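Letters A, B and C mark the chains in the order given here, with residues in each chain numbered from 1 onward.
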Amino acid sequence: MFNYTFHWNQALKALPQLLDGALVTLQIALLSMVIGLAVAMALTLFRLSGNRILSGFTTAWVEIARNTPALFQIYMAHFGLGSFGIHLSPYTALLVGIAFNNAGYLAENFRGALKAIPETQARAGRSLGMTPLMAFRYIVMPQMLRIAFLPATNQAVWAILMTSLGVTVGMNTDLAGVTQALNAVSFRTFEFFALAAVIYYLIAKAVTLAARLAATRMFRY
Amino acid sequence: MIEIENVRKSFGSLEVLKGINLTVQKGEVLTIIGGSGSGKSTLLTCINGLETIDAGRIVVDGTDVHAKATDLNKLRRKLGIVFQQFNAFPHLTVLENVMLAPRKVLGQSKAEAEAMAVKQLTHVGLGDKLKVYPNRMSGGQQQRMAIARALAMSPAYMLFDEVTSALDPQLVGEVLDTLRMLASEGMTMICVTHEMKFAREVSDRVAFFHKGVMAEIAPPETLFGAPKDPELQNFLAATH
Amino acid sequence: MFDTALTLADLGFLAKGAAMTLAVTAVSVLAGTVLGVIFGVVRNQAGPYWSIPLTFLLDVFRSVPLLIQLVLGNAAQSIMKLGWAPFTTSCVVLSLYTAAYCTEIVRGGISSVPLTTRRAARSLGMTWWQDMRYIVAPLATRVSLPSWIGLTLGVMKDSALVLWLGLIELLRASQILVTRLQEPLFILLICGAIYFIISFPIARLGGYLEKRWSPND
């Protein structure tokens, strides 16, 4: 039909390199989620603090993360910080950009989850003599994390997909970067990227499945 | 002793407490009755400092509840409160629900808190539900758990805010039985309730609240037998 | 007070980039929504022989990075000697990507209409089509609109990736200026502000509709 011969062998031979790249991809996604969760928790506490400056900071972060492209956020980390004399490597810029994005979306997830928890829960804790922080830590937060868990796994899948953007700032060790590097010397674009697509798909499914299993183990109520 | 002196409280332009004076002695069981919006529930949340007051003062064992220097978290340990909504912590088992505050607030060891929790849960008849999550229990059981949770802090006073109002009729009895048991053991209690029969049985005194004012207070036989206040007469006629 | 080499012409260049972003978004959302509605109805109404493969296929679009999809789309059109311009390729790939998400939104909207309501319509003698047209469509639209607005904004932001195929949209235009003027922060801030100005009001509208149309009021 088309005047084109597919060379799948060439791509398959590069599979070990691609899988090495996949590990880097997973690593960045995981790190960006850990940082994102920690920052989102801090942003949530800022919002609950009642301090206008702190909650304004949270609002600004969340709105910028949600209303600009992820690629823009990575560009800011890579090129924008250059204006302050900060020059991040592609790896760090990618990690910072994705973690920024994760934190914003996760903080918004947390906000939605908090709305679903009745205020009487914290009140019950307070009436048992708990400080506001204790009531949050032991009563509200565990429930919040449960409600936010599923949206957070969606964000984890997003984080994996976002790692592919690294290639636009010169990243060449993650899955997309390795694929692009191989493509540049072989010109077998379709074969290499199709294989990469399969690997991305499998990673995304594996993460979703793992999260579901973890959820059934962690949330028994 | 809980001393309530000329307490006033408004929500916006609505004055819900219009100068309440009341003293509850150690060992006494006081029930508060009255229509909705009479201010009776608000008074309870003012006593443990969950609500602020606009004027007057509330003194618990010599400590002014709303004074700036008062450590409310510390004071609340001696004021157990149970609400209309059960407020079970859904992510914790029954045992963990009861152990949480003794562990984190009183700093008890796990063994100590667990022994206390088991004792209180057995006391309210939930000794066989320790490992169950609250959503697997009836409203009556959840409410009894909430009572055990408050009792585990070894409070000197117990405040009950319409604890049977959110329950299905057939579950009211088991919770009232628990309250009767506490009363017979000499616990100092203030109960806001709609259960007239219960109020008549367990109370040392009954107070009738109407539109933010304590219209009448008397031993149950007097208050129910020979009510003086016309609003109270209406109220009793309507509830029978 | 503020020293910059940015000229009015450069701002015009950014505006042209923004116009490209909006054009790609508009075409993709339009085509993607049409496809999404069709797929959504199929997914809800057709038997498993149709809906299972369709579900799997659409899930692939949501589980593979868009950048990879763009590269693959471009490679495929070149293999098939279609001779598409980058704009066409970008729009085709983004439309399918949009359709994959839109299908889920449509499906959710349709299944939010209670079966009893639909039975009532059918027992009044309405045909399947009339039921869909007069009962399901208006109710499902209400439920789906906030998510659809979210999707549109998502596609607008994701459309930045078409720069990889050589299209000069807003982000690429900014990058070109950054390289030329060496004022990365300032230019990127303008670029971000443009994205924000387009996105934020519409996002707020979506949030408002969601609140107003929430099922329990």
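Here, a contact is a pair of C-beta atoms (placed from the backbone, for glycine too) under 8 Å apart; a residue touches a chain by one contact, two chains touch by 3 or more.
In UniProt terms the chains read A, C = Amino acid ABC transporter permease; B = Amino acid ABC transporter ATP-binding protein.
Just so you know, these numbers come straight off a predicted model, no measurement behind them.
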Query: Which chains contact both subunit A and subunit B?
result: none
Field: Distance-to-centre winner among chains (Cα means, whole assembly as reference)
entry: A
- prompt: If every chain is reduced to the average of its C-alpha atoms, which one ends up farthest from subunit A?
  reply: B
- prompt: Between subunit A and subunit B, what's the gap in Å when you average each chain's C-alpha atoms?
  reply: 47
- prompt: Between subunit A and subunit C, what is the separation of their C-alpha centroids in Å?
  reply: 20
Message: Measuring centre to centre with CA averages, how many angstrom lie between subunit B and subunit C?
response: 55
Task: Find every residue in subunit B that makes contact with two or more other chains and list them.
output: none
Per-residue multi-chain contacts in subunit C, two or more chains: none
- line: Where subunit A touches two or more other chains simultaneously, the residues are none
- prompt: Taking the complex as given, what residues does subunit A use to touch subunit C?
  reply: 2-4, 63-64, 66-72, 75-76, 79-84, 157, 161-165, 167-168, 176, 179, 189-190, 193-194, 196-197, 200-201, 204-205
Field: Parts of subunit B lying in touch with subunit A, wherever the complex brings them together
entry: 48, 50, 73-74, 76-77, 79, 81, 83, 85, 87, 89-92, 100-101, 104-106, 133-135, 146, 149-150, 153
Residues of subunit A defined as touching subunit B within the complex: 118, 120-121, 123-131, 134, 138-139, 142-143, 146, 219-221
Query: Within the complex, which stretch of subunit C touches subunit A?
result: 60, 63-69, 71-72, 74-76, 79-81, 153, 157-158, 160-161, 163-164, 171, 174-175, 178, 183-186, 188-189, 191-192, 195-196, 199-200, 203
